[in-house]
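Two complexes are shown next, each including subunit A; its partner changes from subunit B in the first to subunit C in the second.
Take a look at the complex of A and B:
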């Protein structure tokens, strides 16, 4: 049997500041008809670049400098633009990470669905619409007859992701590249999409390259797994072998990340005054009430993880605590003292006590300021230190976040990696010498290894400085790693709260149970077992709606 | 749809408020011009009595607030007052009855200006948008650079210079078009068009660059978006990517720059009118300022302001309508 895709010695370079540096350094890849290959690695490993190169496509500022890409006997690197266009969409299709960004906001979903079949002369528009509706049905989208006639912004992220898979299927291609199709989704939504993708790929015997950084996800989807590191192949093996017996140290380290877990702390003494006390907070944006009677406490030196899907009110709770969004009713107390609802009415010392670290370190740091100033400004603002003393304090903070002051003091944020930027975000929060820090999805934009480093740093800082954390996350692995107590939120309500050990052992609130059971596990049979446990008709939306 | 209607009504109310504020600014500014009509009419040797008589007959002796309110009330009824220059001053105490009203004086001039603006827009907008699309499609190619250089050169040259160059080539060396635009009422449309073409071409050269470059920039700005990459990965042809996938999302900035240029065509074409002796509102405006014919100046300013506000309002509303999120809320 000849391979569908045969990539040999592929070299790809990317341009930065007029020089070309290698992104992919001589990778080989073979994909047979109907086979699913998982491509994993951290960000910057070159997964997406390789996936796109398998389509003969390069983004702007990227060029293929060597090797060959053969698709079913056609040399894609030397084919004319017209030949490549005749393959793209028709025989090779692409499913992007963010369906919300990859659907054109100006056209209805079905019009984008029919574009490839009509343009390539595969089907008439009417036939393609009929076929699209059938695909929507197979992908278990709600209202399959009607959903395509909506605009992308009228459909939820998980549904859009399935609609995009349907669009990729519209010409029944031989190969689909899935580029992190579920990374942006909540765990409960991710399951539906994973199941839908897996079924439809099997039904049409489509070959696929499945790109992700999530090992547990790739374990469900792929027949074979290839691990990439900085543009080089680390190893490749069939899924079960790779999971049970990884050969390379790097692969083993990836596998080991999920093992970090903090020991359980002794119970809080009765009668202790919590550092932060949220009491009966109800909040609204305009008329839309988004928080209903939320109450919980955070004690000194403890971490409370607030978990829930997007839109459940986690970040809004944080905005209420910081005073950015004064609640309609309820109170926020700090060390037993009720704070003014509006941050503008709080004293400087009250403001100093509570700091925030943000999800996107990229956008939370001023790109024009040097690291020494980013950290130095809050030092000066809150403690009044200037000159050499300020410099001394900044150095101390940099030491605390494990970055060498001599090396980093004068750098710009753009000269740092994602994990380092997040460390600067932490140092900036520490500069105020707070008692309490809100961590808003601080690790979700980071690779697992880097994320673990951040979690370990936060844990160490908590132990040495007796900090309290409110840890907003949708990732239950993170919760397991760092939380002492857990608050589960859904639609602005707290559905369950308690110590971590209690939350992770049954009996659960049904929603907590759904969340917990939706977290992919490394077992390649996990998805199959879970779906049969839940019953196919009962997944995702349906299960959530019943609560 | 309801939210769209609400937004439009809000914008409309804001537009009216702006117009009201502008009317105050116009009135105060025009009335603070040095010199006055009576002085200008009678010249250096006028007796103070004669000047005062004319001022009284024109109501110039009233306090400013009274005059403003009178003017505003009139304007709201569509009465823009009577032109000083057309008034009958045979006896210094005479009345202004029988004089031509400002509205009568402005109407034909305004119609001419609108005709010129319309012809120019009909030529310039399609050319600019098409060139912008093509420049985005073949960006950084020789074609793109040539279009950029040509349009930038024409916008950088003074209008009268462009006008004389066109006259030289199209009226003098090759007598295809008339160099004078002496249009009058009751002219056949084709004649009128023929006489208007040269000034319209001049203005086309002046306004195309701005619109073309904005179209190009707005489209290129979108080419890095994931949905454009998606379209390319579906094997869609480059032209279709630009026209079908990029253009609908780039409409808002394009509409705005088109509106801005249309406003310019109505309010800022004095120089071209002078060169071609085109009887538009711009010339009337300048003449009226010269002789301090306050009612005409005020009326012209008010028309210019309304044109700006109305066109920007239209652009706003069209931009809103071009956004599917607002047309089809969740």
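Take a look at the complex of A and C:
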């Protein structure tokens, strides 16, 4: 049996600053009919570039400089535009990371669905609509008969991602490339999409390349796994072998990331005044009430993780604490002193005490200021240091976040990697010498290895500076790693709260249970077991709706 | 009817040539270039060649004197810009040399023209052969300096209807028109930019108030509005010509600042929602720091582009007002006024091109500067990475 896709010695170069530098350095890849290959690696490893190259396509500013890509005996790199047009969409399909950004908002979903089959002459429009509804049913979308006739914005993210998978399936392609299809989704939604993708790929015996940076996800989906590092292949093996016995050090380090966990701290002495105390906070955007009577305490030197899906009110709670959104009722107290609700009415010292680290380091750092100024400004603003003294303090802060001051002082944010930017964000918060830091999804945009580095740094800073953290996250692995106490939120309510050990051991509140069981595990049978446990018919939406 | 037939026939012939070109290319050079070439692109190549041939043919016609000037000007300026860039690469500090090395030809051209204009404007008194209001007994001398054609070597670009040297007035015009336009644009940007950022940062009723005021100002056609205000201002100013010019600068600046306000507010609103602004607000930073250190540096690219355009518009507004008689007052030389004064000569274009070129000299000066400024702004935009990222 000949391979469906055969890539040999593929070299790809990217253009930056007038020179071509290699992105993919001679990778080989073979994919048989009906097989699913998982591609994993950090961002910048060339996963997406390789995935697109398997379609004979490369993005602007990127060129294929060597090697060959054969698809079912057709040389894609030398094929004419006409030949490629007849393949793409019909025999090779692509599912992008963000379905919300990839659907055209001006057309109904079904109209976009029927485009490829009608263009390629596979089906008539009427047949394609019928087929689309059938696919929606198989992907277990709610109301399959009418969901296609909505516009993309009228459908939730997880449903849209499934609709996109259905669209890729519309011509029954031989190969689908999934580029991080679940990365932007909540864990509870992710399950549905993963199960749907896995089923439909198996049903139609489609070959797939599944690109992701999440090991646990790839373990559920792939028959074989290929690990990439900086454009080079590290190793490749079938899923079970790869998980149980990785050969290379790099792969082992990827596997080991999830083992970071802090020791449990002794209980807070009774009667201690919490650093931050949130009491009965109810908040609303206009008339829509998004927080209902939220209360919790954060003690000195402790980390409280606030978990929940998107829209559960985690970030709104943070906005109430910082004073950006004055609550309708309830109070925020700092060291036992009630703070004014609006940040504009707080004193400079009160503002200094509570700092914030943001999810997207890209938008959290002014792209036009140099690192020295980004960190130096709060130093100068709060402590009045200028000139050489300010410089000294900035150097000290850069040392604390493990970046070399001489090298980074004069750089712009765009000259740093994602993890380094996040470290600068931490340094800026530290510059104010706060007692309390709100970490809003600080690791969710980072690769696992980098994220682990950030978590370790935060843990170390907490120990040396006796900081309190409020850690907003939807990733339970992060919670396990860093939290002392956990607050679970859903629809603006606190569902459950308590010390970490209690939260991770049964009995749980049903929602906590759903959240916990939805976190993918490294076991390749996890998804299968979970689905049979929950009962195949009521996964996802149904399970959530019952709460 | 036959004209249409000719056009259709020509297009069909070009199409055939394009098709043949692609077919020959495929036969001679295998490879993706010709193989994947759509017919539209092949047609485009053929059309371009046809237009080029048409241009050459037009060039040889004796009557197409303006076309010939345009082509000669194009190549002349290209060569000059190339030489200017070469010069910039070999002299100056390391920084300027590096800048010139990375500079496209269009930017070199723009920079060169702006430099020439600046020199002319600053040293107008030294360079100009005559005074701007000096009247000679020889009126309506034809440009070109050829006595056989009605010219005079003493006045290479001729004289106007009351006998003032056009060359001298063009040079002084650079001083008056460009200087005033630059000052006006600066005021418009200061006014519109700071109010726009203020509205974006503070929002609320101040934003509403300012925005609605701007809406009202923008609802009135700008040239007519300016004309109206200038009429009032000329009464206030009485006979004071300097005062009238000042009023004009302020009036145009206010009217144009509405456009700048809109842009600054829109750009500012996109910036104030960023997390780093939130971080600065939570730090307790004041308004001044927010606007000048956090917002302004991130808004330079679009504002710079707008500056280039706005400068040209202001320039044209002043020229239009002068053309209508309420702008820069005689005897001060101004390009707009010069176009107006000599406008009727354009009627001679068909049979006496040299006579008709008199009003075009001032108009050409305006056009050249406009193009040059925009080339430079495009390049600065690209450099300040607004388009690179």
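By our rule, the second predicted complex is superposed on the first by the 547 of 547 C-alpha atoms of A that agree within 3 Å, B and C clash if a C-alpha of one lies under 4 Å from a C-alpha of the other, contacts with A are read in each partner's own complex, and residues count from 1 in each chain.
Criterion: contacts are C-beta pairs under 8 Å (C-beta built on N, C-alpha and C of every residue); 3 or more make two chains touch, one makes a residue touch a chain.
A quick note: this is a predicted structure, and the numbers were derived from the prediction, not measured.
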Open item on the list: Between subunit B and subunit C, whom does A:364 touch in the aligned arrangement: first, second, both, or neither?
Closed with: second
Open item on the list: Quick one: is A:467 in contact with subunit B, with subunit C, with both, or with neither? Answer first, second, both or neither.
Closed with: neither
Open item on the list: Taking the superposition on A as described, I'd like to know which of subunit B and subunit C A:153 touches: first, second, both or neither.
Closed with: first
TODO: Could you look at A:381 and tell me whether it touches subunit B, subunit C, both or neither (first, second, both, neither)?
DONE: second
TODO: Pick one for A:414: touches subunit B only (first), subunit C only (second), both, or neither.
DONE: second
Open item on the list: Contacts for A:107 in the overlay, against subunit B (first) and subunit C (second): which applies, first, second, both or neither?
Closed with: first
Open item on the list: Show me the residue ranges of subunit C that touch subunit A in the complex, using the header's touch definition.
Closed with: 32, 35-36, 274-276, 278-279, 281-285, 293-294, 297-298, 389
Task: Footprint of subunit C on subunit A - complex, ascending - done: 78, 80-82, 322-324, 343, 346, 348, 351, 355-356, 358, 360, 363-369, 377-378, 381-382, 414, 428, 432
Task: Touching residues on subunit B, where the partner in the complex is subunit A - done: 224-227, 229-237, 240, 244-245, 248-249, 324-325, 328, 330
Task: Partner subunit B, residues of subunit A touching it in the complex - done: 52, 55, 57, 59-60, 84-90, 93-94, 96, 98, 101-107, 115-116, 119-120, 150-151, 153-154
